[in-house]
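Provided herewith is a single structure, encoded as structure tokens, for subsequent inquiry.
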Amino acid sequence: MWWTRGALVVVVWVVALVGLGAAQSRATLQVAIAADVNVVEAHNNYLGVAFARNNPGVTVHAVGTGTGEAASRAVYTKIKAQADAGRRPWDLDVALVSMRYAAQMVRERLLYRFVPQMQFGRYVVGPDTERAFGVEVKGYVVPMFKNQIAIAYNPTFVQRPPRSFAELEAWVRANPRRFGYNGIKGGVSGIGFVMAWVYYKTGRYELLTQGPYDRKHDPIIRQALEQLREFNRNVVLTSGNAGTLDALNRGEIWMGAVWVDQLVAWKNEGRMNPDITPVLIAPGLPIYPLYLVVPREAANRDWGVRYVDFVANPQIQAKVIVEQFGWYPGIDPDRVMPLVSPQARALLFKGVTPQDLARYSLQMPLGEYYDAILLAYEEIVR
Amino acid sequence: MNRWERWGWTLAALPAVLVLLVTFGLPLAQSLAASFVRDGRPTLENYALVYRLYRQDVLYTLGVAAAGVLLTFACGIHLAGYFRLRAWPWVEFLLKVPLFVPFVVTGHAMRVFLQPSGTLSLALGALGLVAPGTRLGLGEGWLGLVLALTWKHLALVVLLLVGAFRAVDDSYLEAAQGFGAGYLRQTWAVLVPMSATPLALACVLTLTSMLGSFSIPLLMSRGSGPQMLMIDLYYRFGQHGDFGVASALGVISYVLASGAVYAYLRSVAR
Amino acid sequence: MRSPSPSLLGLVGRAALGALVLVAVVGPLLSLGLWSVAERWHWPAPFPQQVGMKYWSRMLQGDPLRALTRGVTIASVTTVLALAMAVPVAYLAARRRLPAGPLALALFILPQAFPQLPVFASATVLFYRWNLAGTVPGVVLIHLVGGLVYAVWTLTAAFRSIGPELEEAAQNLGASTTRTFFRVTLPLAMPGVVASAILVFLHSLDEFNGTLLVGAPYVTTLPVYMYTASLGYELQIASVTALVLMVPGVVLLLLLERFLRAEYLAFFGHL
């Protein structure tokens, strides 16, 4: 049926092109953002505008591809399809994707190794810029910002926040349905909490993150999830990270596992009770960066690299990423934090100090363990 | 119509057929095939995984849809009967409004309305019907889903039933009235039995639509407990890219929808 | 038919019924309206603490506006294509001259009967292969599934309602079928064509399932934007968007109530 398909494609394309009037500018940088609306706004309204001002003739067009892992997968599938079809160039110049799909794209050789070319490439540091899900990602990824999963609590109801998972477990038993997180289908903050739970219950953080992968460890994972099922009986499961924040804000729950950046963003917007405070608890919770990547065959690849370089500029990181949006810097904090105003700094580290981050910020497990844990969760916990 | 004209018209009708074959027929066939393939080998593994992970969800989906149909028709039959017997145009009009409210908007509106701290709780609190600050948990779980699905589908059901009931001749109703039958008796003893066929049709269509509902549960469900089938499908496909298991879930939903397929095909054959 | 004697119980029941319907239908929509103007609304205040049009004005710029204009463009293209393709099918069907009649017609009804999501997921896999995923033509194609179904059935009904006598008269005067169609049948069927166009346009504007899957990662229309905003608990933005999405349909209902026949509306159960 190649001819029907071909004819169909031609007809639709012609009509659509005529219909749209094809208004393209000279160099338009296509940026896909697999994250929430506020991140898309950061690119379209701040970073893109500033970049275009510095580089006349270039416009930045950022589109959001949705929320959660599905959004990153859409970007991956699109690039992969173009690579498989042997098409060139690809229609995407820069993408912001989750750690999991960035790792997958590096493994499948879909990305351009661009960090060495960047002016600020030497500030791209930290273990998460070297390995992710067991894949060597060094040189392919630049975190736009770092994102930590933490336990947020409402001090009105919780005088002494827990300092460890064991204390959290006891607190939940004493305060049924006052702790919330978002399961594994509503986004990565819930997934991260589950991973942290497995680290805590198995005590095998090294094994789960460094490998080697072996199915013989399945029983301990399953056992940890059976305990999570018990824990969940006294827990409110929300529809997503924003759902957890919303429930916290309305006092439906008193404590919850959330992204720190979203908590700060909501406070900045005036949507959130300013008293809600994040803490990191032992043995720790995952940090999960969103990476800026440049596809191997991007049409405007050089501009793409320059755009990422622009976002990684310590000045931009300090003014936009930290002060404007309240995210942790994506690049070396020693370069960025001295440029940040004291108020923004205080807001950023309220509850979670740099020392906490150094101690309790964990990596995501190896890809195989990650998948095994999610599957076991679906089967056992539900 | 001469031979050339006939050819011309048939040719002109072809693009529509081709578009549907490519955007509907081919994908349908592909999902049937893909449900029996994993890693390039023919297998039943996808169905095994569905059984392992989602068998409760199949039952849950059936339960929610059945409850939704029951509630929709419990309301719909009485409303349509009432409108047939005692015309009330503006209320009838009001009931049609949800027809033009898209599913995804319904999901969002119901979420805002029914969630524990939603506007319903606030309004009832302000009116003093519940203690201020009470959080009704209607939006969570199956009950909220049933309410939302009913809200959206009731409009169509009332529309279809009022049409069917209006086709029932006045003389039957008058005869029943002569025997002293009130509104309820007239509805159940005259209107319902005489509209059995359209009623059954509306029932099948509503059930199928509820079984395959996606955007309403997507916006209303919380992270725990059993999920509607389409949510599982979207999770498998959207988050994991697991087309095999997603297709197996799809095929199960086709089977559940076979009642509607039959009803529609019969209406075409007529 | 004898009008029922008004009893006290009947009147009270009637008032209660009216009130219940009003609350049940309008309540959820009213809360959208409240949220759309709530600049600050902290639980448990029964009403917003600060009211304003801030979020409505945000609707008129940036991403929501882009999503709106893109959605309108897609809906326009979809409507034109769907009608152009559906007219011959519908006319042949109305005159029972469709080759392989019932079989061909079945193709135009089955998309209504099957659950959409699995079919669209499968279509997405194909569209990625054909480089149509994430493109406007891809989204138009997926909107055409529902669009063609509505168009074919509403147009068939419209053509059928025009008796063959007029056509026969024209043909007796020596006009060809085609000429008769364009000179006689189509002008007479215009109200039905317009109704059909409106329904297809609305379908495309409101379509969510297919757009979410096929439009990703680049094409965002208003329903998808609303979904993202709602999941992000941007309740104000989501509510504004929801109202914008709802308005065309409800206005249409107000204006055209008498002209929209039950069988047209029946399709909207499946939006």
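Going by the order they are written in, the chains are A, B and C; count residues from 1 in each one.
Just so it is clear, a contact is a pair of C-beta atoms (placed from the backbone, for glycine too) under 8 Å apart; a residue touches a chain by one contact, two chains touch by 3 or more.
None of these values were measured; they are calculated from a predicted model.
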Maximum centroid distance from chain C, chain identifier (CA atoms): A
Winner on C-beta contact pairs when B-C is weighed against A-C: B-C
Centroid distance [mean C-alpha coordinates] between chain C and chain A, Å: 36
Where chain B and chain C are represented by their mean Cα positions, the distance between them in whole Å: 16
Interface hub residues of chain A, defined as touching at least two other chains: 5, 8, 70, 74, 77, 239-240, 243, 250
Chain C residues counted as touching two or more neighbouring chains: 43-44, 141, 231
Residue numbers of chain B (touch at least two other chains): 15, 19, 21-22, 26, 117, 234, 238
Complex contacts: residues of chain C adjacent to chain A: 40, 42-44, 62-63, 73, 76-77, 80-81, 128-134, 136-137, 140-141, 212, 216-218, 220, 224, 228-229, 231-234, 237
Residues of chain A defined as touching chain C within the complex: 5, 8-9, 12-13, 15-16, 19-20, 30, 32, 34, 36-38, 40-41, 44-45, 63-67, 70-71, 74-75, 77-78, 81-82, 85, 87, 239-240, 242-243, 245-246, 249-251, 270, 273
Chain B-facing residues of chain C, complex: 1-2, 4, 14, 17-18, 21-22, 24-32, 34-35, 43-47, 85-89, 91-92, 97-99, 102, 104-123, 125-126, 141-142, 144-145, 148, 152, 176-178, 202, 206, 208-209, 213, 223, 226-227, 230-231, 235, 238-239, 242, 245-246, 249-250, 252-253, 257, 262, 265-266, 268-271
Residues of chain A touching chain B in the complex: 1, 4-5, 7-8, 11, 68-70, 73-74, 77, 181-186, 190, 232, 236-240, 243, 247, 250, 252, 375, 378-379, 382
Chain C-touching residues of chain B, taken from the complex the two chains share: 1-2, 5-6, 8-10, 12-13, 15-17, 19-28, 30-31, 34, 79, 82, 85-86, 88, 91, 93-113, 117-120, 122-123, 125-126, 132-133, 151, 153, 156, 159-160, 163, 170, 173-174, 177, 183, 205-206, 208-209, 211-212, 214-215, 218-219, 230, 233-234, 237-238, 243, 246-247, 249-251, 253-254, 256-257, 260-261, 263-265, 267-269
